[in-house]
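Two complexes come next, and they have one chain in common, chain A, joined by chain B in the first and chain C in the second.
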Partner chain A sequence: MRLINQQLSPPVATALKFAPFALLVLAYLLGSAARLAENPNDKLLPALSSIAAAVDLMAFTPDRRTGDYLLWTDTWSSLKRLSAGLGISTGLALIIGIGVGIVPFLRALLVPFVNFVSMVPPLALLPILFISMGLGETSKIALIVIGVAPIMIRDLAQTVLALPREQIVKAETLSASSWLIALRVVLPQVMPRLLSSLRLQLGPAFLFLIAAEAISADSGLGYRIFLVRRYLSMDVIFPYVAWITFLAASADFAIDRLRRRLFPWSELEGGR
Partner chain B sequence: MTITRRLTLTTIAALGALSFAPTAWAQEKTDFKVAWSIYVGWMPWGYAADTGIVDKWADQYGISIEVTQFNDYVESINQYTAGGYDAVTLTNMDGLSIPSAGGVDTTAVIVGDFSDGNDAVFIKGAGALADIAGRDVNLVEFSVSHYLLARALDSVGLSERDVKVINTADPDMVGAFQTPDVTAMVTWNPMVAEIETLPDAVKVFDSSQISGEIIDLMVANTDVLADNPKFGQALAGIWYETAALMTADTEEGAAARAAMGAASGTDQAGFEAQMAATKLFADPAEAVAFTSSAELGATMDLVRAFLFDKGLLTPGATSQDAIGIALPDGTILGDTANVKFRFDTKYMQMAADGTL
Partner chain C sequence: MTALTLKNVWKEYGDQVVLENLSFDVAPRSFVALVGPSGCGKSTLLRLLLGQEKVTRGTILLDGAVLPQEPGPDRGVVYQKYSVFPHLTVLGNVMLGPELQSERIWGRLFGAARRNLKDAAQLMIAEVGLSGSEDKYPAQLSGGMQQRLALAQALMMKPRVLLLDEPFGALDPGIRTDIHQLMKRLWNELPMTVVMVTHDLREAFTLGTRVVALGRTRDRPEEAARYGASIAKDIEIWPPRKAGGDTIFQSEYALGWDDLTPHGAFAGRPDPSTET
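Up next is the complex of A and B:
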């Protein structure tokens, strides 16, 4: 039998799903035990018990100084920045993407500019953003928007342009105005793509968020990681990384579910 | 068959990716690695490596010393703590809070200098330190800047509760100071020199007012040093030859200062201005006297109290005595069963006696 036709029985498939995770944990435990045998205070690969203690300290014990539960205040600060940045980007993508896709005037005006801006490396702009917009929330949100919005705009404009021209012509024969065509023909058809595009930008958005928080902040997930990095506190960094991964994966899953719920027709194959 | 092979491959890949083999430290060896980062008091190490002074002393003791420059100070300490390097340049505070708190027994081989104005507190507009109350203060959190702020606030009867600390990356300090929402800042040279020239910057406190408390050291792993005293001797030899050269009022001295200035991104004049804000111990006898003085013990006591207050003296430390600090006269501050930070004048004394 060819490799590509291999049939996996359900137990084997399940075992394979978990194998890489189990191996990762095993490799960590072995490495950690070896280093801790050498130096019981080693911070690079802390024992699971130290990680659990750190999680307890960060998430379930009020901070000695402020009385806040640090993990939750960090998460709240970061999610506010992230949702503001992604919300603005999605709004821009929707308006500019559809506009560019159906109005020749806007296409001529904005396409070369958006294509150009999308190639600017956002992290290189960071010092400029901080000086022009200050060290507060504005510059952090702006970094996410600059990093994410141009790609989403381009993606959505492509989707609009890929709609069958016949649909537009048909609507025109029914005497629909440009506005009505945008609203009733184009918008419903590109919404699922907008949500998928948002999903794909979650990773980059987190990257820009953490980069911005590393420069200047007083709370946030990225802020905490870069702060405790100074003390090689891997017992705090590992749970934070796992938590960020979990948040991103949950958001990814939720947006996908939302798309299937709102636009069931966009999932013709394998949709449930 | 395919599945087992795939599993084996995955295992190998995963183990390979995570093979952090612990480094065997305690043994006699001939190859040593030293990490340093850019700072006025540490530039001699880079200069010594470039001009062959390192090799000269290493050859004299029949060892080899590899000197590596790090662009990131914290990363150089983390590499040392993780066991990748035998010695590193750091401050007395970071030495206690990073390698020592991480269980790596560390000895200060050379007390190179202390900050005598290199670190400063700035405010915008109003003219006195007490005006800092109620402001946001931008600084690198948990660094010597944070310590300087705590000492400054203490000197005018304020505490950290009276200000709000905003963690800010050091390369962005000068740019940040020019934005309207930044009204107070603590940082170090060369940023201090840059900020001083800005129109509304007022320097309200600097490290010359807590003279001798922010100390720059060359530290080495205690076990490595115990098994290889030659390494400590070579380090002392390198340091005092280079320090004598850089403080000399000769053509060679000027050339050395110009080279170190260029390497740290400024010029000879800029570098000499930074040296003026640094008390450099070019004379080993002076360094021995400073290290054995009672003030050093008092300083370390302040530093460990600060670190304990910030929760940096090992997690779960119940008092500032969690880590033992051994002073040159044999007294130990803190836990005598857990001495992880030591000041040792042995190698500096040998340099003073000319017995290297």
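Up next is the complex of A and C:
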């Protein structure tokens, strides 16, 4: 039988799902054990026990200097920046994307500009942002917006333009104005795509967030990782990276569930 | 008095002449079937009537007034595909037109107005035989049911002219026969003029009061671009069909057509569950 026609029984499928994760953990444990056997003070691949101790220190013991639980304050400040950046980007994408998609005037005015701006490497703008907006929250949020919004706008405008012309004409014969077409025909149909686009931009958004925090911040997940890097504290870095990954993966999962919940028809239409 | 009048209508795209000097009148309440070979401009003519595209030269009059420059509620349309909105349920699709028309800011009705509209919409849904499917999304309907829904949605606006662009072209023959009966009944009962583009001659002669064939008069390849299609044949169906006359409508069944489906009861059929 051809590989493409293989049918997996549920237990096998489940086992395959977990296999790469188990392999990763196993490889780490073996590597760590081998290195520690050679040098008990090795910092590169710390044993699970020292990682657990570090997690306990970061997450469940108040910091000696400030009295904060560092992991949670870091998470809180990073998520604030991230959600502000992604929220602004989503709003911009919605308004500009739909406007550009249905109004020829806005299309002529903004499409070349947005396409141009989306090619600017956002990290190259970071010094400019820090200089012009200061080292506070604004410049970090601005970096996320500049990095994420143009792509989301382009994606959404494409989605609007891909709606069949027949639907727009049909809405006109049902007496809709431009505004009502945007509100009742276009907006609900592009919302699922907007959420998918947001999911895809979670990765880049975290990238810009961590880059900005690494350079200048006083709390945040990226800040912490780059801070403890100086002491080669892999026992802190590993759990932080795992935690960031977990946050991003949960957000990805939650947004997809939200899409299915809010727009049940989009699943029927093939997950548009 | 005519519903639609075309006077010396030309349509060109750049150098390509598509429609050449078309002139004809469409009587109110008639059912015109536009036929012709592929690419002869049938759908272009329909888009002109819809207001989606502008004539290059000539005039189109709707009830004696110049046709508006953009699509509007006086002209309903049903396409072969994409006629209904995938994000709305059957009920939502049927209610959409009146909702948009009466609420210009949010396009939604609430309270008593919504309940009244819902009742009207449910009557229309029953009329096209979709009762029981009110809460389904178009993707959950078969092709035939989607076209019934598209008809219901368009007819809620009580259009003066209903434009059909090969609406039944993608349906199975059995389902097509059923929906032809529905189409005849709706045309017969509602005060509208119908213009239907089709490539199915049998469909044209089954439904139409008049069959207009478009075609190119000159077909030499080197001059194809400079000569567009014009009316090749204009056939009034005999005996004449008249909308609103029960007797003629019923007499068609008595003529011994090869098709027994019309003898069934109309309300609510066909059973949606069998039409999948």
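By definition in this document, the second predicted complex is superposed on the first by the 268 of 272 C-alpha atoms of A that agree within 3 Å, B and C clash if a C-alpha of one lies under 4 Å from a C-alpha of the other, contacts with A are read in each partner's own complex, and residues count from 1 in each chain.
In this section, contacts are C-beta pairs under 8 Å (C-beta built on N, C-alpha and C of every residue); 3 or more make two chains touch, one makes a residue touch a chain.
Just so it is clear, the structure is predicted and the values come from calculations on it, not from any experiment.
Look at A:189: by the touch rule set out above, it reaches chain C but stays clear of chain B. Of the two partner chains placed by superposition, only chain B is touched by A:131; chain C is not. In the superposition on chain A, A:12 contacts chain B only, with no contact to chain C. Applying the stated contact rule after C-alpha superposition, one finds that A:229 touches chain B and leaves chain C untouched.
When both complexes are overlaid on chain A, the residue A:268 reaches chain C alone and has no touch with chain B.
For chain A, the partner touching the most residues, choosing from chain B and chain C, is B. By the touch criterion defined above, A:172 reaches chain C but does not reach chain B.
Counting contacts by the rule stated earlier, no residue of chain A appears in both its interface with chain B and its interface with chain C. Interface residues of chain A facing chain B in the complex, by the touch rule stated above, are 3, 6, 12, 16, 19-20, 23-24, 26-28, 30-31, 34-35, 37-45, 50, 53-54, 57, 64, 127, 130-131, 134-136, 214-218, 223, 226-227, 229-233, 235. Within the complex, the chain A residues that touch chain C are 164, 166-167, 169-177, 180, 183-185, 188-189, 263-266, 268-269. Note for the complex: chain B touches chain A at residues 2-3, 7, 10-11, 14-15, 17-23, 74, 78, 81-82, 97-98, 101-104, 138, 141-143, 164-169, 172, 175-176, 178-182, 311-312, 314-316.
Of all residues in chain C, only 50, 52, 70-73, 75-77, 79, 81-88, 96-97, 99-101, 104, 106-108, 137-140, 153-154, 157, 159 touch chain A in the complex they form.
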